[in-house]
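As written, the chains take the letters A, B, C and D, and residue 1 is the first residue of each chain.
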Amino acid sequence: MGLDVNSIRSEFPILNRKLPNGKKLVYFDNAATSQKPQCVIDAMSRYYEEYNSNAHRANHTLADEATSALENARRTISSYFGTSPEQLIYTSGATEAINLVAFSWARENLSKGDVIVLTEMEHHADIVPWQQLSKDMGVEIRYVPINIENYFLDMAAFEIAVKDASLVCVVHTSNVLGIRNPVEEIIQMSHDSGAKVLIDCAQGAPHEQINFDDSECDFIAISAHKMAGPTGIGCLLVRKDAMEEMGPFMTGGSMIKSVTTKGSTFQEGHAMFETGTPRIAEAIGWGAAVEWLSQYDMEEVHSHIQEIASWTAEKMKNIEGITIYGDPKKSNSSGAVSFLHATIQSQDLALLLDEGGFAVRTGHHCAQPLMDALGVPSTNRISFWIYNTMDEAKSFVEHLEYVVKRFS
Amino acid sequence: MGLDVNSIRSEFPILNRKLPNGKKLVYFDNAATSQKPQCVIDAMSRYYEEYNSNAHRANHTLADEATSALENARRTISSYFGTSPEQLIYTSGATEAINLVAFSWARENLSKGDVIVLTEMEHHADIVPWQQLSKDMGVEIRYVPINIENYFLDMAAFEIAVKDASLVCVVHTSNVLGIRNPVEEIIQMSHDSGAKVLIDCAQGAPHEQINFDDSECDFIAISAHKMAGPTGIGCLLVRKDAMEEMGPFMTGGSMIKSVTTKGSTFQEGHAMFETGTPRIAEAIGWGAAVEWLSQYDMEEVHSHIQEIASWTAEKMKNIEGITIYGDPKKSNSSGAVSFLHATIQSQDLALLLDEGGFAVRTGHHCAQPLMDALGVPSTNRISFWIYNTMDEAKSFVEHLEYVVKRFS
Amino acid sequence: MEQRKWPKKLDPIVDEFAECFDSMERYELLFQYAKKNPSPLPIEDWSDSNQVHGCQSRAHVSCEIDENGRFLMRGGADAQIVQGLMSITALAVNGMSPDEVSQMSPDFTDAMGLKSTLTPSRSNGFLNMFNRVKEHAKNLK
Amino acid sequence: MEQRKWPKKLDPIVDEFAECFDSMERYELLFQYAKKNPSPLPIEDWSDSNQVHGCQSRAHVSCEIDENGRFLMRGGADAQIVQGLMSITALAVNGMSPDEVSQMSPDFTDAMGLKSTLTPSRSNGFLNMFNRVKEHAKNLK
């Protein structure tokens, strides 16, 4: 069968976009955020046009419809991630999800001297909350290095670091390198050492089918906007026993059972962690995105992306002065290709690529410790998704060759 | 001139909604959330259809456009609230805004024994975060009672409570009673006692023009969704000197200056409090909402609402068994009318009103201490906004009379 | 026609509701049934342990097996609509075997024309009450 | 026609850019100007205090008044496009009075056809660099 990429593209209005300079948009910044199919955009508009209402305590029809839609979205999304609605806590994104673990679980269950294992490959979202915790509580942080020959985690170092650890926080797939970490092994080894595990699936979820319950992982953080969903929403998936160990984080309406001037009691389970007016339109939009995605076989989607990425990387290697960071040919790479040119500085290159219509991310990608490990201040990064085509990749390689010839 | 309410209504697609039972929707649940004009819905769709991209570190055209739109929205919104963009921190809503003050300012600047003044009229969002702080840090909470004769804050009690207080947190306008508190006086008295002031403007912002800089208030919390904006966004407005006293709250990307495995340094000002992928579509939607709202004179909007509310309340008082909580005739009431019937229980009444097409909120309205003060477990509440009409109010009163006749 | 999944003795009640002219009449009928609770739970017996959660109004249910080994549900609620549904449920389940109760479906409310009033996200708690009764029945088996 | 708000000596440069066939040619020209910096800031003088913030690439600017009371801007950047703009800015401001510098507008970049490349949200920092120079000028007045 194969994916019908042309038909998929036709569902994304933005992919017809002409840039102000007349060039057709070639969107290669998918690791930063994905584009949205019309059905996702429409699901949110329909909510606002037909049944917008504050959810919960529904005593009127609109509130009933909004609440049902919110909770149906929770069912759709949790089931897509292989778990039950009770294990899903809506957050504003992966960043808030990780902060939630730091505030609700770690502050309640760790104490001075306890060890948290991170890697050099983490996104700042999975570093800074732990550094803050370390400052406040005196927990120790160990960083597992990467092997800069093959860009893999140094699993021998991990094995040592995980001893006596209480919490292990690892990125599923690096947003810079596209490297997919051996999370199954990491979860197993962490549990063997008695540590809880948080996997940052911000990049993983758009590229493979995550099965939370099967993974036996304790916490998984996900952002909707990188997987065809809207901005402003994401989730933390939490195993039952871990959830029972969590204390409240942000507090206010909805998460309470009762409030008096003497004190308050809280809801149990995921409801304790969701306060204030819910992200109703966002949840509905994400639900629609997940429904849209679930019509495709993620392995097929992955091979499609992988084919483009490995072809592109191979061609780029032949261009004078280009260095690639990561191993895009590896079959489980997410297809993010980080690169630099020897003489054209990364920002200059970004502008020269933009001039050709190519949306390419440039900078430290919120992963400065990884940049330090690679010995560079920044990289250019192209990253592909379901709607990208080999033709786009070809035109990119041509434009890059042209730019390098003219400007290096 | 007067408002052209019919023309305004035509901008809100949902107001043409027919409910499943064939009745026309009459939306009287505006204090829970407002409806959105087409231009707000379209602004968000347009973002997703034409220039969706992750913001910041913009090196390509789409990212540039998204970042500009995000920051233009900040300018539009902050200017509407009479302050500069630097004083506005985007949050997910008023609840997160208040939690931000608790985590970032209070935890840094208060200590055991310090006094926080609340009122009995607060929404749970402005109670529970302080109770948590009290549990964790031993700060003392004083609740200013309301006078249950006229439903006003007991300002004599406030005057006593504010002595030696470090922080005063007061709701601008009660979501249950519609009562607008004398916030100018409260701010003055608090500052005179050396206390900082947080005003919860979730209900205030949709009903009057908030001028943050002029108010001299230290913190103001606002939700977009109650003022024609989307779900999932709101803000905390913070005075410059208060912002300088705040420490980081949630951490991760964007809010940092540099991250190394040794430690991190943070951005200054509002950027320190915004981490992760921004609520881009939401900010754009809220910006459009504020632009839409700013074509109207809020005093005119207020009189329109007030006229409907006071007329309706007056008529309701004549219905056998109806008690009204609050003083909707007061000229600065927000037009929220809380009521109960002597024999028809509030939830039964809600369903009977819903059957007529009337969306009415019922419950404790996240204000259980206020319910306790009023001596009731819940109320029914109707609340009006710019697009409501006297005809809707008339049909509501008729239906209520009919229900009371038939079911009491 | 769909199969009726409720005890035969509910048929007249279901028909009575189904024949109502509109929702207002159905509500009126529920208000009437609220007064016909065959086995009320006196207010002084309303406790935290027999409270139905997720119900915005107060609703309490307690179940037992009577001397003849038959199921007996006692209920009370401050909202008439919930109370009416409780009465009807009690009329149905009282006298059944716990096994029969544990297999009952709440479909009769659909047939009564109350579907939209009783969606899971309406916080009137009928479904919670009903599930509570079935849980009791399972535990009493 | 819009009034030219830049020093006359920039006219030939502005014209040179305005006559470019497309953006690629303009960028090429900027790369060339990057090499013609009249007053470079040697890398060993790049410090935290003269770094231009909000600029993703490294850019440093330091300003002084020379013995003749004339403004002198020294700059260095690792990105050629920013460096090219710095060179052109230096060509413009060097030799001006601080007062003149503090009143300069960055409009010449629009006339050069670089508007879309230099929006405030592009993190290439040209505007930050330019404002930094003007601030210096104000302080040196």
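Couple of notes before you dig in:
The criterion applied here is as follows: contacts are C-beta pairs under 8 Å (C-beta built on N, C-alpha and C of every residue); 3 or more make two chains touch, one makes a residue touch a chain.
From a predicted model like this one, the values you see are computed outputs, not experimental measurements.
Counted as hops between touching chains, the shortest connection from subunit C to subunit D is 2. Interface comparison, B-C versus B-D: the higher number of contacting C-beta pairs is recorded for B-C.
With centres defined as mean CA coordinates, subunit C is found 39 Å away from subunit B. Subunit A and subunit C have Cα centroids separated by 46 Å. Distance between subunit A and subunit B, defined via averaged C-alpha coordinates, is recorded as 31 Å. Within subunit C, the positions touching two or more other chains are listed as 56, 116, 123-124.
For subunit A, residues touching at least two other chains, in rising order: 20, 57, 59, 61, 63, 347, 351, 362-363.
Across the complex, subunit A meets subunit B through its residues 13-14, 17, 19-20, 25, 27, 29, 32-33, 35-36, 38, 40-41, 44-45, 48-54, 57, 59-63, 92-96, 98-99, 120, 123-129, 131-132, 141, 143, 223, 225, 230-233, 248, 250-256, 258-261, 263-264, 275-282, 347, 350-351, 353-354, 358-363, 366, 368-369, 372.
Remark: subunit D residues 23-24, 27-28, 31, 56-58, 78-82, 116-117, 123-124 touch subunit A in the complex.
Interface of subunit A with subunit C (complex): residues 55-59, 61, 63-64, 67-68, 71. Interface residues of subunit C, counted against subunit A in their complex, comprise 56, 116, 119-124. Residues 20-21, 344-348, 351-352, 355, 362-363, 377-378, 406-407 of subunit B are the ones that touch subunit C when the two sit in their complex.
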